[in-house]
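Okay, got some structures for you below.
Two complexes come next, and they have one chain in common, subunit A, joined by subunit B in the first and subunit C in the second.
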Partner chain A sequence: MKFAIPVMLAVLPLAAQEIKMPVSLDRLAAKASEVVDVSLDGALLQLASRFLSEKDPDEAHVKRLVGGLKGVYVKSFEFEDRDQYKESDVEELRTQLKAPGWARIVSSRSKRNGDNADIYLKTDAGQISGLAIIVTDPRELTIVNIVGSIRPEDIRDLGGHFGIPKIDINPGKNDKKDKEDNR
Partner chain B sequence: MKSLPVLAAACVLCTASAQAADREFTEVVHVISDEFHTRPMSIPMFGLVNLVTAAVHPAGTRHIDLAVFEHLSSHDREGRDLSQSILNAVGRSWRPFVQVRSRKNGHEETVFVYMRQEGKEWKLLVTAIERDEATVVQLLLNPDALARWMASPERCARHWNGDTTE
Partner chain C sequence: MDDFEKQLKDALTKKDPSPFFEARVLGAVKRQALEHRASSRMWWASAFAAVLLVITGSAWQHERTIREEAAGKDAKARLELALKITSVKLQRISRKVEGI
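Let's turn to the complex of A and B:
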């Protein structure tokens, strides 16, 4: 019994950071042509990072990044046709990310191809404790929740590993493309 | 005559292999059997596969349990929520790792991958269900083999389901 309180205190901050996938996403799953769920907790991530090479600079960098992570959770939906989901399907999720401690740090919109990406940062006592990414395009919706210490600029390096999609989060680049398209 | 002890040892190992399947593997096989009103096909000499696997450790695998269902028909289905039934069968001692459900080209395919640590080794329980066949596999892996799975979970799940486009 004397262990119960420390254990609860240890678990609570982690639980507070994780995003709850709303029920509306279950309804989306019925429409999607493909749904992928990936769950990697801290112990599994550390194990997975063993496969990354110290000799390859990129992999060594990812390996260092993984050292600060407690979990990676990815859920993605792919649709056969365009516009099979609405912004309201994701609204409940975005509402969670308006809670204290969360802040949207990147919002990228492309009128050219309809690709949108939002990155939310979670901080506790001034320390980064998690990230959430919502990537939408007319045929895909991807939600990534990374729990642990990670800098936003490192997201690109994690793309392609552990089920995290490769994400172009350079908003200036997209804005430029849009301007060129509008000429 | 010299080959008799070897043969006896092989029989003992094969028998041991056949008994090594975890309760959860058996439960998942039952879930699919009950859902489709069928039984897994018999795989002749599969014990020998495990004999070789135990000796050679191909791709870091030390043991395999396998159940293959063929000629499944949607008309025979009970209509249960298979993902929930499999989740119930697997229980809490296994961690959900990756789940892929695809309905591309009119064919529904689902892959569930769970994992569990046992000492220094890891067990992977993979259930792949396609339109007319299903496979349940339990692998005993060394950590390096598991790390390969985890570095690219989605690709591994797709590959398991025969999708080589990724």
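Let's turn to the complex of A and C:
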């Protein structure tokens, strides 16, 4: 019984984070040329939210978005050389995302350049309660875990706002324009 | 001489003070002066402590606000970075998926 409280305290952060980042990822930081490690729990998100202005439309939009979140965790590694991480480093994560409630909604594989991407959604009683993204390519590994009520398109559509670059998601038009520009 | 006159005469008769009367009176006056001075010191000490408490409290509150503001701005910057990475990745995935 006396161990119950420490065990509960140890499990609580994991429950909040939903997925546990593999320990092996921390070792990759030494090999990476660029590392981004963002870990924002509910309290920090609330604090950050207090500094988002209601008057600025972009910030007000993000503020509303963040209101439904309980955690934002991002780990991103960029390497100078290829194949600095093993598939097994990510496999532990993929296994966690096979748990009930999680569903892979998008999977993109490229044999040509080795770019792979997966988007997972967690639902509870029909409501979205989490989002996970795994992006891998020979020189990059990015893992995103957002806990709370969020739709992928809500974040995707932030492109062009809040200092986030907008990428043209209609490559056909872009390619045509590029070809015309090159003439 | 009736009773009243007798009582009046007794009351008006000069009586010598009891021994050490003067010393007792002077002692009482001195004691009162000391008590007054002590209570005055106590008042000033309380006022000083109150002012000190207000200044310390204000400084602590100011320091706390500054620390909280720094932590909030740091959290906001990290949130911006996380959203930027996530948005860019999602846009690239969308581009790839819609390009198929």
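For this structure, a couple of remarks:
One rule holds in what follows: the second predicted complex is superposed on the first by the 123 of 183 C-alpha atoms of A that agree within 3 Å, B and C clash if a C-alpha of one lies under 4 Å from a C-alpha of the other, contacts with A are read in each partner's own complex, and residues count from 1 in each chain.
Assume contacts are C-beta pairs under 8 Å (C-beta built on N, C-alpha and C of every residue); 3 or more make two chains touch, one makes a residue touch a chain.
Only a predicted model underlies this, so the values are computations on that prediction, with no experimental measurement involved.
When both complexes are overlaid on chain A, the residue A:Val66 reaches subunit C alone and has no touch with subunit B.
In the superposed pair of complexes, A:Val135 makes contact with subunit C only, with no contact to subunit B.
For subunit A, the partner with contacts to more residues, out of subunit B and subunit C, is C. In the overlay built on the shared chain, the residue A:Arg50 is in contact with subunit B and with subunit C. Once the two complexes are laid over each other on the shared chain, residue contacts for A:Leu158 go to subunit C alone; subunit B is not touched.
By the touch criterion stated above, A:Asp41 is placed in contact with subunit B alone, subunit C being left untouched. Once chain A of one complex is fitted onto chain A of the other, the partner contacts of A:Ala29 are limited to subunit B, with no touch recorded for subunit C. By the touch criterion defined above, A:Val144 reaches subunit C but does not reach subunit B. Once both structures are placed on chain A, subunit A residues 36, 38, 40, 44-45, 47-48, 50-52, 162-163 are touched by subunit B and, in the other complex, by subunit C. Within the complex formed with subunit A, the subunit C residues making contact are 68-69, 71-73, 75-76, 78-99. Per the touch definition, subunit A reaches subunit C in the complex via residues 36, 38, 40, 44-45, 47-48, 50-52, 62, 66, 72-74, 76, 106, 108, 110, 115, 117, 119, 133, 135, 142, 144, 146, 152-153, 155-159, 162-172. The part of subunit B that touches subunit A in the complex is made up of residues 95-104, 115, 117, 122, 143-144, 146-148, 150-154, 157. Per the touch definition, subunit A reaches subunit B in the complex via residues 29, 32-41, 43-45, 47-52, 80, 161-163.
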